[in-house]
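Two complexes are shown next, each including subunit A; its partner changes from subunit B in the first to subunit C in the second.
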Partner chain A sequence: MNEKRNLMVERLKEIFDTDDITDKHTSFYHFGGWKQSKRKQEFIKRAKQIAESRGIPIYLRDREDIGVPLGQRFYEPLYISSTDTLCERDDLQLINNSAIQQMGDDIKRSVIMGLDLAHRILRERLGKEVTPETINHYMEVVNHTVPGGVVAQEHMAEVNPELTKDSYAKILTGDGELKDSLDQRFVIDVDRLFPEESAGRINDEIGSKIFQVTRVPTLAVRIADGGIVHRWASQQTVLAFIAAYSVGGGAPLADFAFAGKHAQVITLGNTTWPRRARAPNEFGGIPYGYIGDICQADRVSDSLTYIMESIALGGILYDLIWWGGYMGGGVGPVNGTASIYTNEVLDEFCRYMDEWIQHKYGGYATVKPDANIIKEISQESVCHVLDEYDNYPVLLEEHWGGGIRLNVISTVASVATGLATGNSLASLLAGHYVYSHLVKEAMGRNAWGGGDAVDLVSVPDLVSTFPDGALVPELRGPNIFSSMVAHSAFPIGGITASHVARGHPWILSPIVKAAFSDPNLIFDFRYVRKEIAKGAKREFHFAGDRDILKPGGSG
Partner chain B sequence: MSFNYPGNDRVASRRSTILNPKTEFRKIREIPDEELVLLLGHREPGSGYRAIHPPLDDLKLQDDPILKMVPPTPGAQHGDAIEFLQFTDSVYHSPLVPVFRSRLYSVRYRGVDHVTYSGRQLMEARARDLEKHAKELLETELFDPARSALRGITVHGSSMRLDENGLMFDARRRYVFKEGEVWYVKDQMAHPLDKPVSLGPPASEEMLIKNSIVYRKDTVKYREARELLDHLGMIFKRCLYGGFNPEREQE
Partner chain C sequence: MRLDFYDENGKLIVEDIPMTSLDLKSNKALRNMLGTFRRTIFIDLNALESTLREGTVGGEMIVGNECKILGAGVDLPIIENKEIIVEKLREYLEPEEIVTIDGLLVIKLPFSDIEIACDSVSSPILKTSVALTQSIAECFDLDIFDGIDMVKTALLGRYPQSVSPTGLLKSFLKVPTKIEGLSSSYRSLSVNDIVALSGKKVFDSISLAWLLEYGSAYECGYSVGWYKRLYQLGFAFQGLNANNLTYELIRECRNGTVHDVVELVVQKAVNDGIIENREGQYRIKDLPLWNAYAASGQLAATIIGSGAIRSAQNAGSIISSYNDLLQIFTGLPSVEFGRVMGSAIFMNWLSHSIYGGGGAGVFSGEHVSVKGSRGFLIPCLCAAMCFDVGTQLFVPDTVSKIMFKLRKALPELSDIHRKIVYSLEGEKNE
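And then the complex of A and B:
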């Protein structure tokens, strides 16, 4: 293969401040400890002020008698892949990065409701006309009610719109004629937002159906869980129907509520299983296939970049927020997740495998997904990445834990298998094979205790016909027993790659794909990593701010 | 019982040796019992073992066929408390590495529980059993003071580059390199020791590589471990076909 610019190598040289990244020797213990970190200096200064004002200590990093003495080795910063943003590890912590939070919030606060049943109730049961004009009027009303405006009863409390200005509802339809006749402020215009061919296929699939995409306020999902979302949306939607179409009586209201809460509602996440019980629209219940649909990078970039952006999105959503936050609790797995979207590492490895596939098989989705092919691609992925860890000891140092490395290597194998075969099941098998056997027998070390247990059972489970084991890969997610932390990147990468290989304009749902192309979302899902970089630099404008409620606040 | 690890290369051969429970590992250092107790940090030298129940001989036990089939270990017989021992192993050719520690413990030691991580390996056992196993693990060729380390807490370091003397990084600085030897100045929980304990000189790089059980560019390239890769592929295929159609796979 041609000698090309290796951005990963350039990044490693820069972050470790050395020209020779092949040397396995260095020096330790003389870098000034935690004082190497500007962030930690800032934290300590602030902690002292807080401790003084509240009378209870907080964050004692400068105390030598508490825990590990940080900074005994060189404290390297991180580049966020595809950007020029250099940041500290602390900047990628969930609580410290507002873009990561908003990414989750924008997904969690979204719900999609079919309007066709409600329109049928209006027409057939109540004898009302439904025309583009009435829909436009309804959309005005619903954009009053969803953010917290009252329409039916007097003397009800209303919400300060400054607090819910990120909340609104829009229309989505594949019917071009209807779309053109609607008030464009309320339309998610697939034709304008997607490349022509993708737009045509998405419109064809949605057809004449009409969907309302509702974003409840960020503050709503900060005071409650994802279970509030479809209920909030439905209640305010029912009220909007009542007001917009002058409807009275209990039975029609019940019908609207049934339509909005149950019959034609698309929540992004299902309720999770009892041991991990959470409401609908929490991240653990979101199927893997939706991640590539929520990610919008395919509208603006090449295939590999789209796959990388999807992996970053899903890896953060599932590993950092769901597993690290909801399930594990605490400060969580920043490093494992960061490994898939920092320092161009995953990008470089996947580029290598992309070329290898082109050379070996002649293109995407060109080879039959049998066991030998999965084995062949997995082996090449593992051997190449392990060679690179051998060649660059700083890379091994950067990926200092087995879970971090496995997250990367399994994803490379899964993406490569997906691209070569166009088969999502094969891509998942490759990821589990890497996790369960291939790396372990090379290095004599794997991930953490029991970390590969899910992989050992997942190979037979994936192809099993037992309903509790097997599931279409796109419909799987972390809400199954054979999933755990640092196991999210490879299914997302593999599934997304499989559909990219086949030229599909969406992964699981054209409706979800179109719903997240909405330019009014706070988080820009076209540029996942750039948005996270903004969060790291504290340049991201997030929603859910309550500053107007502070003493002296105005709004 | 012998065990043949797949392949004929030197890594595979060394793995077979490691996993053979009859292998007598070469003793290369002597650690007095008192110093071993200091390093482990579970009790004061000369003090008795912490007990969690009376000796089994003093107890009236229910009739249990398992008791007849599995004789208790000395630690269990005496009612010792369960203590722990943890090693961190450098990727740069520690003589043992976590997965193979686990396999070695499983075929060699009775009455131990262990957890395998990527850089470290935790063993839990009755105190006197644990000390017996620790002695073998620390005094023989299974331990190199530069690339293997006792770490009960803050285990990070297995994948770090090495220091100027070839020692593995330790944020707690439990050991120092002095006059050609590695001296522990803290126990495995990083509590300072009153008296440093020497674990001797590190092995040469050549010796470490020669005895390495890791497939790497400076031992045997993983790509060249064809028999092993075929064997793993066979396991993968059987799991795959077995999941798809168990009855047919059994045929």
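And then the complex of A and C:
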């Protein structure tokens, strides 16, 4: 048992308040019901005040005649993995955790536009000169317009900057000479932000192209949706071009707008299918490959930590917010999602498999993928994790549902297969194979109804040539039927692991990777779990606050 | 009613054609032309080869590419082996035609395919993607982990994570999930695409644009009952230069203004007994025919105006001011009873403002800004773009380059004005 393994055991001992976590006996129903939870006591106290002030009841946890009497089981607190933060499950609920919300907001409110077409319009249609000086001037102007400043007409209403102080635009280019001659306040400096080798490859790929990374205000995506983002950015960008380059009205404006809204725009998410229809930049449309690009842990930590941070990010984004919130229609599946980023469990299991891979195959991406290899790695993953569940009944208690355990097991298999083969398709096949077949052999059909339903479809789909299948893993996402239930951890883990194994500096897009290295983002994508922990402790400084609009507010 | 049809030089092509010849139900040649747009699939094999080699699949920018999957590239000499691939496609698809021109592979599926398909716009591209993926896999003996998924992804892009194919395999028409309104796919070709397909020939681009608009009108019920004659006459007069009206208007007003065209249209309509001036007040005697005359005038005004400055930028304002003047001058309804004027104003605004429009060439009939007019607006924009000498940022020569090549592969689309007109004479002229 290595040091990290002990940490998981110590966590379990602490949260279950026992020295013997192998004990198969426990006393249920003696934990004090809901009163064992400090959070729920707070909720009840506050609910009574609210009910009195508004005259309509709210949150009746203390009423025994409403619903299941919670608290028959022990309400074990949770450690957020990689942190010392101990929190309650309620602290990881989407509405209760401002860091989780901001994580989603920061992704949703980001859009990237190519400036080369706009510069061509300036040069060729309008005879304007574009130099580092004019770009710097333009960047000042666009940082006035994007947060809501006016440049074009008298009598236009402007936005209080206090409400949009999280909104700005920056420049991204792989051209070192150009970058050095720009005002550094506006530059996302890949050389400074990434390790040298990664920076070199990202710069090479972006080359002399110039992109504008725009963050529209958090409040904008709160009042509208992801569909507002490229439109907001485009309109305010065109206005900035008008002002910065003294461009008159007319046809070129339409070309600027077309370039920004359509021709050279990178939205992070596709529009989704009509039954789940959402605009671009909503989470269901984001391909899996972008998660590892948005996650920045690879800049500051080891490979496994980067994979774990990506899994936490993707799991929360897709399972908690998209499936639980948007699709499920409300409060969201906290438990399944939390199981992949709490109590060091997934970290520990993946670390075991990492060592097993090193021992078995001699390193990452050393074995050519085929069905037997996938089976071998998956079997080892399943056997190890099931053994651990057997060894530690409190872990079973903690991961109390078949769906939760399957989420963990399939993620371990997928990550391990990705690391061993460096092949994202093999990693996905492993995850789906475990979910749909392997665990069933050991545990019976154990997932919730939406679980292996899609995995059974996915295995043949992934290796077919059907239009509905055979999309490369990096571009798949929850908009596809066979990926559309709440176990997104394993695709994220497997895909990220596959690229980590081969030392790739990005997963799907060097531009997206670089865009999220921006230190001015509210959510720090280098430390996903630490940020969530801050949210759980109510120490996270989020954006989109409207307090100044309250009676007596100032700003 | 019987009509004569003239070419771009004002010369008679066919005469004494009954209106029934314009009916898509009876005119098999027109149906075949429309079918070509649904059942033709094409792909640039050079682009496919380089995309697979570089691993640059899944990007969605129109200009540029944001995605590159490291380590996923597959180096397949597709061009070198294109004959083998084509033979396999013949076996799997049993296409009516399959040709390659400078690396552009063009496949025309059998008519039966689109007769069977419920969604006959989406079906050909999906079916071809399956066949082409398998053909390439067999040609290069690809196994599961050798990049079959990369091939399919290169062909269809992010589909089905995206709601439409976004890869290198192309069809003329956009699938229903990408357009506004049901049964509007025939309207999804951009003005630039139509102009390129017509080889920038003005009358051909007008006729082709009208054929597509007419097909869509037919498909979604705009050309039945009360409206049938309205769209038939619109197609005939504005789309096909019936009775040489458009040509005459252009010829007589070639040195004039929009106002001159308005005056002349009204004069001809009075002379032909379509409207009458009773005590200073105009009255309509034949509403669909008045609309057709007005539409010919609108096209003539656009050709004169855009032709004069050799730019399409003014097309929207010409069309809106023509209709405005026509209403003011006569007190009669303008083309399509205000639909064209409204759509042109919207189009004009979008092509001159910050709201995302682009120039005339990037518009397509089903777009929210111009879909209010069915038939009568897009052909005029096509005519204007034929005259444009490169004043626009997005021009057919760059954004619709592939369409010029397709002209060579699909001879039925060249000289289309004349072909449509001949088809009106019946089967013997198909």
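The rule is short, and it goes like this: the second predicted complex is superposed on the first by the 548 of 555 C-alpha atoms of A that agree within 3 Å, B and C clash if a C-alpha of one lies under 4 Å from a C-alpha of the other, contacts with A are read in each partner's own complex, and residues count from 1 in each chain.
Please note the rule applied: a residue touches a chain if its C-beta (ideal position, glycine included) is under 8 Å from a C-beta of that chain, and two chains touch if they have at least 3 such contacts.
What you see is a predicted model; the values in this text were computed from it and never measured.
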| item | value |
| --- | --- |
| Subunit A as common anchor, with subunit B and subunit C clashing or fitting | fit |
| Contacts of A:K375 with subunit B and subunit C, given as first, second, both or neither | first |
| Contacts of A:F256 with subunit B and subunit C, given as first, second, both or neither | second |
| Contacts of A:E397 with subunit B and subunit C, given as first, second, both or neither | first |
| Arrangement angle, subunit B at one end, subunit C at the other, subunit A at the vertex (C-alpha, nearest 10°) | 100 |
| Subunit B versus subunit C as contact partner of A:R538, first or second or both or neither | neither |
| Contacts of A:R46 with subunit B and subunit C, given as first, second, both or neither | neither |
| Subunit B versus subunit C as contact partner of A:D23, first or second or both or neither | first |
| Per-residue touch tally on subunit A - higher for subunit B or for subunit C | C |
| Partner chain(s) touched by A:L462 [first = subunit B, second = subunit C, both, neither] | both |
| Least Cα gap, in Å, left between subunit B and subunit C after the two complexes are fitted on chain A | 6 |
| Subunit B/subunit C common contact set on subunit A | 462-463, 465, 469 |
| List of subunit A residues in touch with subunit C within their complex | 112, 114, 116-117, 120-121, 124-125, 205, 209, 231, 234-235, 238-239, 242, 249-251, 253-267, 270-274, 285, 287, 289, 368-370, 422-426, 462-463, 465-477, 479-481, 499, 502, 504-512 |
| Of subunit C, residues touching subunit A in the complex | 57-58, 60-64, 66-72, 126, 129-130, 133-134, 137, 144-145, 148-150, 152-153, 156, 158-163, 177, 313, 350-359, 362, 392-394 |
| Residues of subunit B defined as touching subunit A within the complex | 89, 91-92, 97-100, 115-119, 122, 154, 156, 158-164, 166, 169, 171-173, 213-218, 221-223, 225, 228-229, 232-233, 235-237, 239-244 |
| Residue ranges of subunit A in contact with subunit B within the complex | 23-29, 68-70, 72-73, 371-372, 374-375, 379, 382-383, 386-387, 390-391, 393-394, 396-397, 399-403, 405, 429, 433, 437-438, 440-450, 456, 459-465, 469 |
